[in-house]
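Each structure below is given as C-alpha cells.
Next come two complexes, and both contain chain A; in the first it sits with chain B, in the second with chain C.
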Partner chain A sequence: MTTSLIPAPTRPWVASPKDRLFDLGIFALALVVDFLLVVVTPMKGKLAYVLVFAIAYVTLSALRQFIVRGTASAKDAFVSSLVAFGAFVTLLPILSIFVTVIEKGSKGIHLGLFTHDMSMATPTDPLSNGGLLHAITGTLTLVALALIMSVPIGILTALYLTEIQGRFTKPIRFLVQAMSGVPSIVAGLFILSAVLYPIAKNYSGFMGSLALTILMIPTIARTSEEVLRLIPNDLREAGTALGGTQWRTVAMIVLPAARSGLVTAMILGVARIAGETAPILLLTGGGDKVNGNAFNGPIGSLPYYIWKSFNAGSPESITRAWAGLLVLLILVLVFFTIARFLGSRKVAK
Partner chain B sequence: MSQTFVEPSAPAPGAVIPREITTEPRFSDRVFRGVVTAGGLSSLAILGLITIFLGYRGFEVLRQEGFNFITSSTWAITTDDAGNVVESHFGLAAMLVGTILCSITAVLIAVPISVFTALFLNFYAPLWLKRILVSVIDMMAAFPSILFGIWGFLVLMPSAEYWAKLLNHYLGFIPFFHVPAYYFTRSPFIAGIVLAIMIIPIITSVSREVFSQTPLDRIQAAYALGATRWGMIQAVVIPYGRGGVVGGAMLGLGRAMGETVAVYTVLNIVYQVNWHVLFGAGGNIASLIILKFGDASPYEIKALMAAGLILFLLTLMVNAGADLIVKRFSGNKR
Partner chain C sequence: MTDSTESENEKMDATIKPSSLGDVASSVTRRTPGTMAMGRGLEARGIHAWFGKNHVLSDITLDFAAGTVTALIGPSGCGKSTFIRTINRMHEFIPTAAMAGEVLLDGKDVYAPGTDVTKIRLQIGMVFQKPNPFPSMTIGQNVLSGLKLAQLKVANKDDLMQECLERAGLWNEVKDRLNAHGGSLSGGQQQRLCIARALAVRPQVLLMDEPCSALDPGSTLRIEETIRHLSDSMTIIIVTHNMQQAARVSDYTAFFLSDNGPGQMIECAPTSEIFSRPRDKRTENYVTGRFG
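And now, the complex of A and B:
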C-alpha cells in the first residue's frame, strides 16, 4: 500500500472563502454608497437607486481586482458586472409591465366580464356594467380564421424549403424572412386596398383575419421549417426504400413525426397575432356587440376594445383597458407556454 | 445450404411482363410537388401583390406629387362642400424624419443592452438562469404592441420625461438634445425608449445566436493563452460576432420603423420636421396612417396608401439588408 502523495487537484479558479467575503463586502459597501449618494444629492426615485448601485458596484469590484491582480483582471471584473447589469436592464421593463398590468387590470376584473358585452354600457359607466364577451369571442373568431388560412400556406412553404429544395429555395427563404418584417399596418392597408374597397366594401372579421394571415404565415413557415429540419433523413430514406412515393413519405412519415413541432409553430403564430392592433383598427370596424358572423358586419376584438377604452379617457374606461390588457396578456402567455412546453419535445418519439 | 438460381429466361407466352423501371415521378408526386411549390411561392405572390396594390391605389397621388411626396413636409387637403378635392399637398418628409429619428434612437438604446444581455446569457450566466432568461426574453417578443404603448404612456412617461430633462439640462448644448420650447412630454425620445424595449428581444436573440456559434477551439485557445473572460470575448467573440450584431440591429431597426400603435400612443403627433429628439413633437409614417385614416376623404386615403407603400419599401430594404448581413456572418465561416 502506498500512502504516498496523490496530489489533490487544486482548483485555483474557484472562489475562496476570503474572496466570497470580499464580494459580500463590496456588495454591502456599494449599497451604503448608493444610499448615501441618493439621499445627499438631488437624485431621486427607485431607478436612481438601481443606477447608482450598479455604478458603485461595478467601480468597487473593478477597483478591488485592480489592487489584487492588476489591470486585465480589473477590466474583466468591470465587464462581468456590466454585462449582468445589462441583463437586469432587459428584465426591468418586463417586470414593470407584469406588475402594472396585474395591479391595474385586476381592479377591472369581475365575473360579468365574461358574460356581457359593451352594447349596453358607456365608457363612463361603473366597472360592473358591460364586459369583454364581444371582444373575447371576436378575437377567437379572428384568430381561428387566420389559423385556417395561414397554416396550410405556412406548412407548404416549410415543406418546399425542406422537402423539395428546388430552384427557388434560397429566394423563398429570403422572401419569408422579408415578409416577417412587413409592418402590420402595411398588411392592413394592403387588405384594405385589395379586398375591402373593391370586393367586400364592408368591415368584417374576415378582412381582419386576412391581414392577420399575412402576418402569421412567416412565423409558421419559419418555425415549421426548423422543426422539419430536425426530422432525421433516415426516416425519409426508409420511406423511399419501402417503395413510398415522396407524397406518401411526407404525408405518412415526415409530417406525423413532426406533429408536435408543427403544433408549436401554429401556437407561436397565434401568440404573434393575438394582440396585433393596427390592421384590426383598419379592417374590422370594432363594434360593441357580440357578432358571431365573421363575414358580415363589424366585429369587436380585444386589441380594439383596449384601444377604444384607452382613448375614451375616463378613469373607468382606462381601468377597462387595463383589464382587457390583462386578459390579452394571459391569453398570449397561455399560448406561449403551451408552445414552449410542446416545443421542448420538438420531435415525437 | 445451397440455392439454385434460375436463369431468367424469356417470358413464356402469357406471362406477366416485368414492370418498367423509371425515375419519372408518379402522378401523385407530380401533384404533390406542384401544390407544395405553389404554396412556397405564395410569399412571393403576397409581397408582389402588396407592392402592386399599394402602388396602384397610390399612383394618382404619387404622380401628382412626384418627388415632392418624399421631400416636402406639408400634409393638407381642402375639399369643397360636395367633397371634391380643391387643393391638396401631400409630402411625407416630416413623418420620414420622425420615423428615422424614433427608430434610430431605439436602436442606439437597444443595441448595447442587447449585446450585454447576449454576452451575459452565453458566457456568464449559469445554465439554469440562462434557460429562464431565454424563455422570458422570447416571451417578451410575443407581447402585444398595444401593451407596450399603454405601459409606455402611463408608467414609463413620467420617469422618461425626467431623464429627458436631465439630458437636456446637462447636454443641451449638443444640437441633438436641444429643445426649441420647454416641452418634454410625448417626445420621440420616449417613443424611442418604448421601441427599444420592443426590439431588445430580437436583437438579443440574433446576437446570442451569432455569439453561440463562436468556434469552441478558439475560445479555448484564448483561455489557454491566459486570457481573462473579457480578454477572450474581446479577442474572439466580438470579432466573430460583430457582423451578426449589426444584422440584428438592422432587423430591430426594421421592426421599429413599422411600429404603429405603440408610437401612436406614446408620441405627440405633430406634422412638422423635428430633429430634436427630446422635444415633444414628431410622428412616424405608420402612426400618420392610423391618425388620418378615420376621417380621410377617398383622395386622402390614396395618399395614405402611397405612404404605406413608401413604408413597406423602406422596411423591406432594411430587412433584406439585415438578412444578408446576418447570413453572411453566421455561416460556418472560419
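And now, the complex of A and C:
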C-alpha cells in the first residue's frame, strides 16, 4: 500500500497566537490609557471609564490595522470595534436588570408563594406569610381572556390585509400600525369611560382584558401579516388551480403553512401585555384574594401586586414586590422561549 | 431532425402500456382525437388579454383535440403563460387583468355568466413552473389535497392515491414513505407529486407551464415519459422553452411571438411539420435557433 502524502489540515484564515497576543496587548493598552486619562483629567466616575476605554480601544485597534495593513483595513477595524462596543452597551442594561431582579427578588421566593394569596397577610407580615397565587392566577386569567379575544380579530385582520386585499387594505394597515403606538393608559381610560362606568359599573378581570385586547391586536395582526406574506404565492395559486375556493385554500394551505409563525405572533402578543400595568390599575380593582370569576369583582395580577407592594413601603412588602417582579420576568421569559421554540420548529422545508 | 423525432416517438409509443387505470378505455389509440370518452377537447376562440392598458395577447384561436399534447413555444414574454392562464381562469387573479374571447370546454364557454369557476379548474388542471407541494401536508395528503379543497368524496382514497402516483411515475419512489413531507423529495419528484396532485381530481385537460424548467435532465426525462402516458387519457397543453422537449412530447406545436406588440400565434401545426417545414419564416428562424 502506498501512503499518499496527505497534508495536515490547516486553517490559515484563523488568527495566529501571535495575533491574539497582539489583540490582548491592544486591549491591555487601552485599559492603561483609560486609567491614566481618567486619573489625570477631571473626568471621573464609571461612565467616564467606559467611554474613555471605548474610544481608546477603537482608536488603538484602528491604528494597529493602519500600520499593519493600511487605510482600508483601519476603517474596517474602526467600524467593527465600534459595532462590538454598541452591542455590549445594549447588553449592559438588560443584564443589569436581570441581576438586580434576581438578587433582590430571590429573597422573597418561597414555595408558599404559589399556594397562598395575600388575603390573610398584611404588608408588614414576615415573608413566609401570604403568597402570589391570586396575582399569578389573575394574570393568567387576564392573558387568557385577552388572547381569546385578540387572536381571532388579529389573524382575521392579517388575512384581510394579505389575502383579500380589499379597498380598505391601506387605511387598515395604517390604523393597525398607529394602534401599536397607543399608550396603554389610553386603552385603559377608553375602556373605563366607554365600558366600565356606563355599562359594567364594576371592576372585573374582563374589563382589564378588554383593554389588553386593544393593545394586543396590533402586535398579533402585524406579526401575522408579516408571516402570511412570507407564504409563497405559488401555494395559493396551486390551491385555486386545484379547484379550491379562496376560503378553502386559505384554511387548508395558507394557514397551516404559516402555523408556526402564527403561534409566534400570539406569544409575542402575550409577552407584550403580560406586564402591562396602567390599564390593570384602572380596570381590575386589584384585590388580595384569588378570584375565580373573571367577569365579576376585583381580580389580582402580578403588575398590580408589584405596584401595591412597593406602595406599602415596609421592607417586607418591598421584598415581596421584587419577588413578584422576578416571577413576572420568568413568566415572560417562558413565553418567549416557547415562542422561539415553536417558531424555529419547521413543519417541512 | 424530423426522422429522429419520429423514431423517438415510435420508440415511446412502443413503451406505452395501455393504461388500465382511470376512466378511459384502454384500447384507445393515441393521435386519433375525438373518438375518446374524455370530452371533446378544448377550443380557444379569439383570445385577447390585457394587463391594465398593456395588450399582451392578440386574437389567439387554437383547437386542442382531446387526447393530444400541444406544445406552446416562443420567446419569453410572448404571452404563452398568459394564454394558458386564461384557459383555466387563473388570469383573473391579477388585479389589472382583462380578456376577450371564448374558451370552449366541451363546447361550453368557461367564461359564460353563471359558470362555477372552481368546477372549471377541476376540469382543467394545472402544473406550475416551480414545484409547489403543500408544505404542511405529507406526500399522500398532497396527492389527495385537491379532493379536500374542492370537498369531493371518493370511495377509496388509497387506491386513488396509488393510481395517481403511478400515473405520475412516482409510486415506486415514494410508496414506502407516503407519510413523509412533500418537501423531503427532490425537485423532480416534487414536480411529479404536483402532477399526481393535479390528476387526483380527474381533469380532462392538463395545463403545464414550463414544468421542467427548474429540473435536471434526468427528472425532465421522467416527466416527459409521464406526459406521454397521460396523453392517453387527457388533453395536455405544455408551455416550454425547450424546443427538443416540444419535439419529443407533443403532437402539435404552436409558435407564439410578440413583435413589440401583443403576443400572437404565428402558426400551429403537427410538431413534425413545425420542426421540418414551417410555413412562416419567423417560425423557421426560431426553431432553427437563429433567435429567441
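The criterion applied here is as follows: the second predicted complex is superposed on the first by the 274 of 349 C-alpha atoms of A that agree within 3 Å, B and C clash if a C-alpha of one lies under 4 Å from a C-alpha of the other, contacts with A are read in each partner's own complex, and residues count from 1 in each chain.
Assume a contact is a pair of C-beta atoms (placed from the backbone, for glycine too) under 8 Å apart; a residue touches a chain by one contact, two chains touch by 3 or more.
Because the structure is predicted, anything quoted here is derived from the model rather than measured.
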{"item": "Between chain B and chain C, more extensive residue contact with chain A", "value": "B"}
{"item": "Which of chain B and chain C A:100 touches, first, second, both or neither", "value": "first"}
{"item": "Which superposed partner A:131 touches (first chain B, second chain C, both, neither)", "value": "neither"}
{"item": "First, second, both or neither for A:328, with chain B first and chain C second", "value": "first"}
{"item": "Touched partner set for A:245, first chain B, second chain C, both or neither", "value": "both"}
{"item": "Chain B versus chain C as contact partner of A:253, first or second or both or neither", "value": "second"}
{"item": "Residues on chain A lying within both footprints (that of chain B and that of chain C)", "value": "245, 248"}
{"item": "In the complex, chain A residues that touch chain C", "value": "232, 234-235, 237-245, 248-249, 252-253, 256-257, 259, 347-349"}
{"item": "List of chain A residues in touch with chain B within their complex", "value": "45, 47, 72-73, 75-76, 78-80, 82-87, 89-91, 93-94, 96-97, 100-101, 152-153, 155-157, 159-161, 163-164, 166, 168, 171-172, 174-187, 189-190, 192-194, 214, 217-218, 221, 245-248, 250, 268, 271-272, 274-278, 281-282, 303, 306-307, 310, 318, 321-322, 325, 328-329, 332-333, 335-336, 340"}
{"item": "In the complex with chain A, residue positions of chain C that touch it", "value": "88, 90, 93, 118-119, 121-122, 125-126, 128, 130, 132, 134-137, 145-146, 148-151, 181-184, 194, 197-198, 201"}
{"item": "Residues on chain B engaged by chain A in the complex (per definition of touch)", "value": "25-26, 28-29, 31-33, 35-44, 46-47, 49-50, 53-54, 56-57, 112-117, 119-121, 124-125, 133, 135-140, 142-148, 150-151, 154-156, 159, 162, 197, 200, 204, 228-231, 233, 251, 254-255, 257-261, 265, 286, 289-290, 293, 304-305, 308, 311-312, 315-316, 318-320, 323"}
